[in-house]
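What follows is a pair of complexes built around chain A, which joins chain B in one and chain C in the other.
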Partner chain A sequence: MYRRRRARFAYFLILPSLIVITLLDLYPVIEGVFVSLQNQNMMRPNPEAYVGLRHYTRALFEDIVFWSSVGKTLIWTAGSVIGGYIVALCLALLLDRELQGRNFFRALFLLPWVIPDVCTALLWKWLYGDEFGVINFLLLQAGLIETPVQWLANPDMAMGSVIVVQIWKLYPVMFVVLLAALQNVPRELHEAATIDGATTRQAFWYITLPFIRSTSVIITLLASIWTFQSFDVVYLLTGGGPSGATRILPTLIYEKAFWGLEMGYATALGLLMLVCLLAISVAYLFVYRTQRGEA
Partner chain B sequence: MEKPAAISRRQALAMGAGGFFALTADEASAQGQTRLTFWTVRLNTPELSAALRGILQQFEREHPNIRITHEPVSGNLVYPKFLTAIRGQTMPDIAEAYSYHPLQFAAVNQMEPMDDIIAEWQANGQLANIFNEFAYRKFYWRDHYWGVPYNLDIRAIYYRKDLLEAKNIAPPTNWEQFQAAVLACHDPRAGVSGLVFPAGNFHIAQHFYMSFMFQAGGSILDREGNLIFGTSAREANVRALTYLTDFATKHRVTPAGIASYNTDEAHTVFLQGRAAFGMGTGGLINRIMRENPSLFDKVGILEVLEGPAGRERKLTAGFYNPMFVWVHSPGKEAAKTFIRWFIRSGRLEPLYQASPGQLWPIFRADVGSERVRSNRLLNEALTKVVPYATDFAYPGYGRPEMGVIDGEKMFAAPVNEVVVGTKTPERAVADAHAEMLRVFNS
Partner chain C sequence: MTATTTTRMESVTLLRQRYRRAFIALLAYGVLAVAATVALFPVFWMASSSLKPGPELFARDMTLLPVNWTLENYRNVWNNTNFPRYFWNSFQVAALSTILSVVISMYAAYALARIQFAGRYAFGLLMLVTQMFPHILLVLPLFLIIQRIGLLNTHAALIIAYTAFSLPFTIWLLRGFFESIPEELEEAAAIDGASQLMTFHRIILPLAGPGLAAVTMFGFIRGWNEFLFALVFLQSRELFTLPIGLANFQEEYTFRWDLIMAGAGIITLPVLFLFLLMQRFIVQGLLGGAVKG
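Up next, the complex of A and B:
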C-alpha cells in the first residue's frame, strides 16, 4: 500500500515534466506525420489536401537525390564521429597524465565547442580559401604544394574537408566525457599490469578500453545524432556543392522546405531521417548490450 | 463613527481586469493610431537601417496616425520566417523581400492585390518613369499585381582599366572581344587571373549565367510563361553555359577554386587586384570605395555585352525587388498609404547614399542625381548596366514557380557542375530542365 502510494506520488512529481515533454517533443512529431501526408506545397492552393504516402514513395522510389543524400549523410556522420572520437581519445589519454599546464590545455581544447557554428563555418571557409586561404598559404610557403588545393571546390575533396570541420567542432565534448571516464579507471589496475609486464598497448586494450566502453558508446551515439542532423557547417561552407558532393539530408530538407516550398515532402524527408536516426540508435544500443552480455 | 467605504470582491475584480487591460492595451490603438509592422530583408546593415529609420521617422511625422515598426529579417531566414508567419497568420503588414515572394504568397491567398497602386502610377506617370516594364509586370499573375517594385539590384562585369590599357585593349563590347580580352589579361605569374566569377552552388552563380543566356537568345520561359529552358531555348542556353564555363574549364583563366565561390569570394579576389575582370553585384562599388579606395580609379564597369543574339538581346540580369501587403492585415489601407509615400522618386535617396551601388532606384528621374553624377563607377553602372537590366522571367511575366527555380538554385547547379567537370553543358541543361519541369507540374 505504502509502496503504491510512493509510486503514485513519484508519478505526480514527474507529471509536469511529462506534460511539457509531450507538448514540446511529441506533438511536433505527430503534427509532422499529418503534414507529411498532406500536399503542403506552399505554391499551390489547398495545401491540406490528403496525398497519402505519395511523398514517401517519391523519396524512396523516384527521387535519386534522396538516396544519394542518405549515402552522403552516412559518410559525413561516420567520418565525423570516428574522426572526432579518435582525436578526443588521443587528447584525453594525453591529458589524463600528469602534465605541466594540463588545466590550460583542457580549457584550450574546449574552445571549438563554444564557438557558434556560423562562426566556425566562416572561420574554416577562410582557412580553406584557394586564393587567400591560410592552409594553402602555409603549404605553399613550406613547398609542400605547387598550386593551391581546392579544398571546397573539388567534388572529391569537399566531403573530407567539411568532415574535418565537423571533427573540430565535435571532439571537445567527446574529449571532456572521455577524460572523465579515463579518470575513473582504477590506477591500481594499471600498476598491477605494469608489474605483470603488460605493454602500454596491452594495458590500454585490456584495461582502459573496457572501462570506457559504455561511455564511448553513449558519446558516439550522441555525436552521431548531432552530426546526422547537423546543417549549418555544410550549408555555409559548400551550399551542398560542388556538384552535390556534400548534399546531406539536412541541406536537402532545408532546400525542399524553405526554397522549394514543399513542406509536405520536406516533412516526409524529415521523418525518414528520424527513422534513420532511430535505426542508428537501436543498432548502437544492440551492439552495446551484446558486448555487455558477453562481458 | 462612519465605516470606511469597502470595496466589494466584484469591484476589486473589475478594477483589476481594467488595470490589466490598460497595461496591455496597444499604445498606438489607444491613441487611434494604426501600428504597422514592416519586415525588411535588404535594408538591415547598420548604415541602411539608420538611413531607413530617418525615412520612417519622416513618414510618421507626416502621418501621425500611422506608426511603423521596422523588423529586420536575416537573408538566410527569409523563407522559414515567412512560412512560419503564414502558418501562424502572423505575417507583417508590409514587407520588402525577394523577387517572387509576392507571387508565391499570392498562390496561397496571403497577398493583397496592388492593382490600385499600379493604376495610380499609370495615371500620374510614375509607371512610365520606371526603367523597365518587367520591373512591375513580373508581379502580374492571375489578373492582379501582387507586389510593386521599389529597388533594383544589378549584376555587372567590372574590369581593371590599368591592365587593359597596359595591353592596349579597348573595353570589350561583345562576346568575342570579351573572351579575347580575358585571355590576354590572364597573367598567373603576376598573380592575376583573367576573370573571376562565383560558380559555387549558391544563388549568385545563376545570375551571371542568366545574363549570358539572354545574350545568346535563351531564357527560362517564353512570352506566355511556358517553360522552354531545355526545349526551344536549349541550344542558346547550352551555348551560354559553354561560353561562361569555358573560361574555367577550357581556357583556365579563372582562379581554380571558383566552384566554391559565393558573392563575397569573387568580390574579394577582384578587390585584392587578383583578377582583370570580375563579375559582381552593385555592392562591389561600395566595397571598393571602403576597402580598397586606391583601386577605384583603376576600375571600370563594362557595358552589357552583345552576344550571338544581337542588339535586341543586349540584356543583363537585374532584380526589381518588391514590396507587398498582407491581405489579412487589419491596417492594409494604411500599409498602402505607406507604400505610396515610400516608393516615390527621390524618397529613398538616403538609402542609396548609405550604401553606394548596392541598391538602385527604379525611377529614371532618380539616377541623374548629384550623388550619381559625381561618382564615376555609379555613373558607369547607370549608363552601361541599369538600362539593360531585366528579370528572370524575361520575356515572360511572373510565375510563382520562378521563386522555386531560383530558390532551389536550379540553374546555378549547371554552372557548378560544368565547372567541376561532373557534367557536360548539354547534360547539365537537360537535368536542370527536368527539375524545373517537376516544379511546374507539382
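Up next, the complex of A and C:
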C-alpha cells in the first residue's frame, strides 16, 4: 500500500520534467525525421512534398562535401580529445602529490573552462591575427619565423589552429576528473612497488594506469561527444573555411540549413550525425564493460 | 660502534632523501609555473588588451602590460554600443531558465534518487541519452516548430529551450546530492505523519542546499554562454543576448578589437566571479556529473 502510494508520488514528481523533455528533446527529433523525408527546400515550391530517402542517399552516395566533412569531423574530434587528454593527464600527474597550494593550481588550470565560448573564439582570433596577433609577434621576435603565419586563413594551418583552441577549452574538465581519479589510487600500492624495486615508469604502467582506466574511458567518451557536435568555436573562428578546410559537420549543417535554405537535407545530415554519436557511445561503453569485466 | 655507524648512515640517507624530495617539489613548482603561464596566457592577454588604449593595441612593438592602462574601452562598449541591452537580455534569459529548470528538476531528481518505481531505470536512461542529442540537430526542427507557433524572435523561445536542455544534466547532478542525504531522516518524518511532499519540502530540500546552489550556477553559466540557439532564434538586435551581440561586433565594428576585447571582458567577469565564489561546488559538480554519468 505504502509502496504503491510512493510510486504514484514518484510519477507525480517526474511528470513536469518528462513533459518538458518530451516536447523539446524527443518531439523535435521525431519532427526532424519527418522533415528529413520532405523536400523542405526554401528555394523550391512545395516544401512538404515527400521525397523519401532522397536526402540520405544524396548525402551518402552523391555528396563529396559530406564525406570530406565527415573526415574533417573525425580529425577535429580525435585531435582535440587526444590532445586534451594528454595535457590533462600531464597536469593531473603533476598535481597528484603533497603540494602547497594544490587547490590554487587546480582552480588556475580549470579557469579556461569558464570562459564563454564566444569570448574564447574571439580571443583566439585576436591571438592568431597575422598583423597584430601576439603569437606571430612572439614567434617573429624569437626569430622562429620570418613572415607572419596565417593561422586561420591558410587552409593547411586552419584545422590545427582550431584544434588547439578546442584543446584549450577541453582539457580543464578532463584534468579535474583525472586528478580526482589519481587521488583514489592507494598510496600503499606505490610504496610497496618502490620497496619491491619498481621504477617510476613501471609503477605508472602497472599501478596508476589501471586505476584511472575507467575514468579515462568515460571522460574521453564525453569529450568526444562534446567535440563531435560542437559548433561555436569553429563557426566563430573560421566559419568552416578557408575553402572548407575546417568544415566540420555542425558547420556544414548550419550552412545548409540557414544559408542554403535546405532544411530537409540539413536535418537528414543532423540525424546521420546522431546515429554516429550513438554508435560511438555504444561502442565505447561496450569496450568499457568488457574491460571492466576482465579486470 | 656498529650501532653509531648505522644511525649515522641512516641519518645521511634520510637527509639525502629529504634533499631529493625538496628538489622534486621545486622542480614540480617550476613546471607548474610554466604550464600555468602558457595555459592562462590567453586570458591574461584578453585582460591586458582590453585595458590598452587603441594606439597601443595596434602598435608595432607590443607590450605585455598596457603602458598607459585605461578603462576607456569598457566605457566605450558600455556607453556607445547596445551592450547594456544585451547584458540585461542575457541576464533575464539565463536567470529565468535557470529558476525554471532547477524547480522542475529537483522533484524528478528526488524521485530518481529515493523512490522505487516502474520505469525508473528507463527514465534515468532517457536523461543520459537526451544529453547526447546534438544541439545542431535539435535546433533545426525546433526552429520550424517555434516559427509555426509564432515564438520566433522572442526571449520566451530561448528560455524554454535553455530550460529543457539543462534539465537532464541538472537532474543527474541533483540526484547524486539527494542520494547522499541519510534516508532515516525522511523515514522519521513519514512516521510523524508528514505528507510525502511536505517531507520533501521541509526536510530534504533544505539539506540539499549545496547541490541546489551548484546546479543553479551551472544552469546560469550555461544560459549566459549559450550561442547557437540565440543565433538561430533571435533576429532583432534589441533582443540579442551577449554572445551573439559580441559575435555581431565582428561585422558591426570591423577591426575594433578594443571594443571586442572589452566586451569579452564584460561577458566573462560575472562568470568568473561565480566561478571563484563557488569553485569547490563546481569541482564537485563536474565530478558528480562526469564520473557518474
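Points to keep in mind about this one:
The definition used in the following text is that the second predicted complex is superposed on the first by the 268 of 295 C-alpha atoms of A that agree within 3 Å, B and C clash if a C-alpha of one lies under 4 Å from a C-alpha of the other, contacts with A are read in each partner's own complex, and residues count from 1 in each chain.
Heads up, the rule we're going with is that a residue touches a chain if its C-beta (ideal position, glycine included) is under 8 Å from a C-beta of that chain, and two chains touch if they have at least 3 such contacts.
What you see is a predicted model; the values in this text were computed from it and never measured.
Considered on the superposed chain A, chain B and chain C are sterically incompatible, since they clash.
In the superposition on chain A, contact of A:Gly79 is made with neither chain B nor chain C.
When the two structures are aligned on the shared chain, A:Arg44 is found in touch with chain B, with no touch to chain C. In the superposed model, A:Gly240 lies in contact with chain B only, and not with chain C. Between chain B and chain C, the partner in contact with more residues of chain A is C.
By the touch criterion stated above, A:Ile219 is placed in contact with chain C alone, chain B being left untouched.
When both complexes are overlaid on chain A, the residue A:Phe132 reaches chain B and chain C alike. Of the two partner chains placed by superposition, only chain C is touched by A:Phe105; chain B is not.
Contacts of A:Met263 after superposition on the shared chain: both chain B and chain C are touched. Contacts of A:Tyr11 after superposition on the shared chain: chain C is touched, whereas chain B is not.
Comparing 5-13, 59-67 or 77-85 from chain B against chain C in the aligned model shows that the clashing stretch is 77-85.
Overlap of the chain B and chain C interfaces on chain A: residues 132, 257-258, 263.
Listed in rising order, the residues of chain A touching chain B in the complex are 41-45, 47, 128-132, 147-148, 150-155, 158, 238-244, 255-263. Residues of chain B touching chain A in their complex: 79-80, 83, 86, 104, 107-109, 200-202, 255-262, 265, 268-269, 272, 274, 400-401, 403-404, 407-409, 413, 416-417, 419-420, 422-423, 439, 442. Chain contact summary for the complex, chain A toward chain C: residues 3, 5-7, 9-11, 13-14, 16-18, 20-21, 23-29, 31-32, 35, 90-91, 94-95, 97, 99, 105-112, 114-120, 122-124, 126-127, 132, 134, 137, 168, 173, 176-177, 180-181, 215, 218-219, 222, 225, 228-229, 231-232, 236, 249-250, 253-254, 257-258, 263, 266-267, 270-271, 273-274, 277-278, 281. If you check the complex, the residues on chain C that touch chain A are 25, 28-29, 31-32, 35-36, 39-40, 42-43, 45-46, 49, 57-58, 62, 104-105, 107-108, 110-112, 115-118, 120, 123, 126, 130, 132-138, 140-145, 160-161, 163-165, 167-168, 171, 196-197, 221, 224-225, 227-228, 232, 242-244, 246-247, 250, 257, 260-261, 264, 267-268, 271-272, 274-276, 279, 282-283, 286-287, 290-291, 293.
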